[in-house]
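The block underneath contains the structure these notes are about, expressed in structure tokens.
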């Protein structure tokens, strides 16, 4: 019944639709939300969408994870390891920025009691 | 009232815009021709035997694109320092509160913690053999501390040890890179013996497991620091509000 | 300190004298352009003119304390001018031009009565002038592939007509601003009147001449008078171009003359007079005939001498009395007789009366106008020349004649000798240029050759030849001196008698006897009624200031408009980035 | 000697910062580090270019640091600025004591290291990591004050940086999906084979990403806020290092990917608008930091106009202008640090309220240099740029730059008039010996490059050649003959 999915094209189609929808949900989020935490969440949604998109499009039916084990002795028929490495890096960076942003937000909230970014307007001439 | 209307209008316009962008992105990405070139990753797969690492992703992360990982570790380190810079000022005042944890929680959390740490260490040192590695293992280790904090908010980690772990592992990582430069005239060169025959063994792959262990220590301590700062922060605020 | 800088100011003159006319230095500045100093007859003339002016002003500065930085900046200014007039290419010229701009700016800023607005006016006009120059020079470069004057000059012929026009307009605008052509003179009056008193003499006498040098350079050297003739065609005996320029010059001199008459501040009057005199030079500079060029050069020389003399004179009086308005001065003739004589000589020259140098230069210029048959221009020049008598009179009356307006004017002492020395030298020069106008032909002829114009025949030191006629300056001045001495004797005899018997309060009007504090200094106000003349009123009530002020307001409004965008709402900033992305996406991808 | 030191030494330094602090050698070690890197750069100026340092495996598979003429000039600027700021910081911390001095040094050194990484890396994903390192350092440094303003600027910068990085990541992913590589050399080779619509999308995303960070017009509304909220030496770094690093990357990719013919006009117009809007906005400012922030934006606008012209002369002039602008802005912001500390205000009036001949002279020199007035270094850059525009018969650009420069002159000379105005109340400002030396060196460089431009022009010509004809770079990036 799920043979329908055993087609690279179909999988890619689903991944593109899903990840892009997620991406533009995040896009809508950063465009409309004014709460700092929500904005950071939106950024994370966008990033996650990109990870899905990137990893997903590198999967082709029939390929396996690039790890040897008892049965697999050669690196053939495996998915591209570079996108995975890149995503790993990007996740960590995203995490780091998120943590930093939250700590800024907390500190700012403590000082002013606000987390609405559209009301952050003390920096002006 | 008027403002509300305006706001709603803005939301509608923006959602329309997002949908329009989504549709055109979909249209665009659907018709993308697949890549006709051999990707770098495919070449890496062919070369991967030479590194004697069973996990190709690990060899890409720590060796082929090793400097990325140095950068990544640095980014995490910088973020940790940034978090510490931001939140450290409130840290001192939060010590007053005394709220004893229950005995069950005390024992249970410590039992679980040791298991989790063990699991984390396993993931770290098998990074070149199986899925996982320094980052993942480090985060698992940090969750152990998260558990401790959840059980007992009064607990505090020894910053001296964490900093030492952070600094030494990070510096050792860079030193490994520099030793590669001196021994093989190439930064991050794999200067340790890595015979291909040993592939799949725990000790194999030359510097790759070494790097992943260092990364594991570093990520573990950094994530613990971040977790501590955020947890204490939260706690501090509750007290402050009450 | 004064003596050191006096010596330092001597150095460029010696340097120039040493090379004698064959100075040619080239310096590789960057790979694409070189700095070069080349001594041309025109440049040499202006170099000596400015260097000697600096020397004289430095002598006058002995009497007052000036800081080290003031002297340094003044030295820098003189070197910059040296660089300008000897430049062989536009880069050197421009570097000198800009150093001149900012060093003079800093000197002006040291004045006591300067305000930010005047400083801003000065620097912005100077920079506008410089930027117009730089625009011209890079456009010229794009065709000639060199900044060298000679290369650009030879490439000029092959440029498209609109580029040629653009270049001429840009360069002219730049130099007009420096010379203070009407409409672009907005900065001149404020700056001249508010600059340090002695420095005003340099501004008026030397710095404005850099604009004239620039015009000579462009019309005579870069474009060439022959080329101008070919480009624009001829009208009567001159070129169309010269005719247009002459109208600008005449308008400048007429308007500035009227404005000068109504001024109450001494230095403002001198500033307007300076604009008017430069207007004459600009009138004749474009004629494209030998006599036009000669007249312009001669008047440059005379105007430099006169303005140095007058400004130093006024500076001395201001320093001595602390007053700078006609309404506050008066009756100083008894207290400072030497200064009075100097000023008298100055205004005789300024009015263009024989026998002094001023007459020779005016003679030359009027003759040039007659020669080219620009009758209307000639009428205009004569008209403003006649009107200039009025402000000359006001100058001498307001300060020296009439009655002292306050007590301390009656106890003023003669100005210090260091002020008088340069004045005496300048007065002598004025006499000499009047007596030996022919000597100057020897200076002019090489320049005319440089501009490939016909030369002026030379027939003796005292004889000034022109297209229409000639006069013998030596003879005139001898006759004048004889008559002057006779009349002077006569007057002193009468005066010596009268002086003993009369007091200034020995008058009564309508039966009333003036009290001690009644001001009897009335004449200073003349010119106020000029408004009643329709023609003069039309000139006087118009001012370029409203235009520039509205420009400033517009700039401010624009600035406010733009700064409203930067009001720091990060949400909107983000939205703008996203919308910008979307817009570019829909435009670019689809 | 290895290019890797530019990144690895600061990394080790920052990892060990707590221990340096413990033994009390924090400031000294930071100075030493920056000095070492600067000296290494000086050594590189004497070596043949390009130079390459490999990581793990040679390109195009692996990542390498490549130093060509273009990056050499920026390397000089960055390491020099780093050295100057690290020499300045001891005074700053003495004047404004902070608890977190160690963390400042950490972020400061990594900011320089990240910027240098961006200009050296020959791999676009690696470049992105350095981009993030620079980003995180700049977010934290702008929030370093931990007061309302500082945190606000930190949050703003972080949000903007996140948007930029998302677009860049997306672009990198699309590139990898299309041509299976992240090596700049290979991308350059294969870029034209990308599906045209996707290639436009990639360019657009890179443009938004780097353009936002490089403070181009419709995307730079945040920039003045950041300057206002952060401390002066950091302003100096933002203006002379960080903004220039993003500009470097922008044009490096612009020319490597061969986008110059298609997008030249677009970038030029955007640069022109940036210039116009910023200079006009600066007129209306009363906060001194914002004022110079706008001035920086304006100068970046000119640079964007000039860099996109595709002519060696203009680009060389632009590089000259960039160098002199970096020096001037560093000088200005370091001086502002002194003034703000002494006069306890950020209003523009502080520039009229101090009495120090030395500071007045150096400030005037830097202002005149920014305005492009001879005999200071800014003039050479400006005349070369104008000459380049004229040579390509783009007279509109010449007229535009000159007209807007007058607007620029209005506020610079307003400040100068303020400084010279004797009627204002003046506070005597003593500059420390070290600051005296730093500012004197910077001012001397401005004058030196103004009267002896060949010294710098040699490097800018090299850089312009390397930028517009990156064949050497490409062979190294492709790992040919290694």
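All chains are identified by letter, namely A, B, C and D, in their written order; residue positions are counted from 1 within each chain.
We take it that a residue touches a chain if its C-beta (ideal position, glycine included) is under 8 Å from a C-beta of that chain, and two chains touch if they have at least 3 such contacts.
Here the structure is a predicted model, which is why all the values come from computation and not from measurement.
*Asks:* More C-beta contacts across A-C or across C-D?
*Replies:* Of A-C and C-D, it is C-D that has more C-beta pairs in contact.
*Asks:* Based on mean C-alpha positions, which chain is nearest the centroid of every protein C-alpha shown?
*Replies:* It is chain D that sits nearest the middle.
*Asks:* Roughly how far is subunit A from subunit C, centre to centre by C-alpha average, rounded to an integer in Å?
*Replies:* Averaging C-alpha atoms per chain gives centres 72 Å apart.
*Asks:* List the centre-to-centre spacing of subunit C and subunit D in whole Å, with centres computed as mean CA coordinates.
*Replies:* 45
*Asks:* Can you compute the centre-to-centre distance for subunit A and subunit B, using the mean CA position of each chain? Integer Å is fine.
*Replies:* Result: the chain centres lie 15 Å from each other.
*Asks:* If you average the Cα atoms of subunit A and of subunit D to get two centres, how far apart are those centres in Å?
*Replies:* 30
*Asks:* What are the residue numbers in subunit C that touch two or more other chains?
*Replies:* Within subunit C, the residues that touch at least two other chains are 563, 566, 568, 570, 572, 574, 578, 585, 589.
*Asks:* Residues of subunit A that touch two or more other chains: which are they?
*Replies:* Each of 27, 30-31, 58, 82-83, 86, 89, 93, 96-97, 100, 104, 107, 117, 120, 122-125 in subunit A touches at least two other chains.
*Asks:* For subunit B, which residues are shared contacts with two or more other chains?
*Replies:* In subunit B, residues 17, 21, 28, 39-42, 44, 64-65, 68, 71-72, 75, 78-79, 82, 86 touch at least two other chains, as defined above.
*Asks:* Residues of subunit D touching subunit A in their complex?
*Replies:* 125, 129, 132, 135-136, 139-140, 143, 146-149, 151-156, 158-159, 161-163, 165-166, 169-170, 172-173, 176-177, 182, 224-225, 228-229, 284-287, 290
*Asks:* Where on subunit C is subunit A touching in the complex?
*Replies:* Touch list, subunit C to subunit A: 563, 566-572, 574-575, 578.
*Asks:* Applying the document's contact rule, which stretches of subunit D touch subunit B when the two form their complex?
*Replies:* By the definition above, subunit D touches subunit B via 2, 4, 7-8, 11-12, 14-16, 18-19, 53-57, 60-63, 99-100, 103, 106-107, 110, 117, 125-126, 129-130, 132-133, 136-137, 139-140, 143-144, 146, 176-183, 190, 195, 197-198, 201.
*Asks:* What residues on subunit B touch subunit A, complex-wise?
*Replies:* Where subunit B meets subunit A, its residues are 10-11, 14-15, 17-19, 21-22, 25-26, 29-30, 39-42, 44-46, 48-49, 54-57, 59-61, 64-65, 68-69, 71-72, 75-76, 78-80, 82-83, 86-87, 90, 129-131, 135, 199-200, 226, 229-230, 233, 237.
*Asks:* Using the touch definition from the top, list the residues of subunit B that touch subunit D in their complex.
*Replies:* Spelled out, the residues of subunit B in touch with subunit D are 28, 31-33, 35, 37-44, 47, 63-68, 70-72, 74-75, 77-79, 81-82, 84-86, 88-89, 163, 166-167, 170-171, 174-175, 177-178, 180-181, 186-190.
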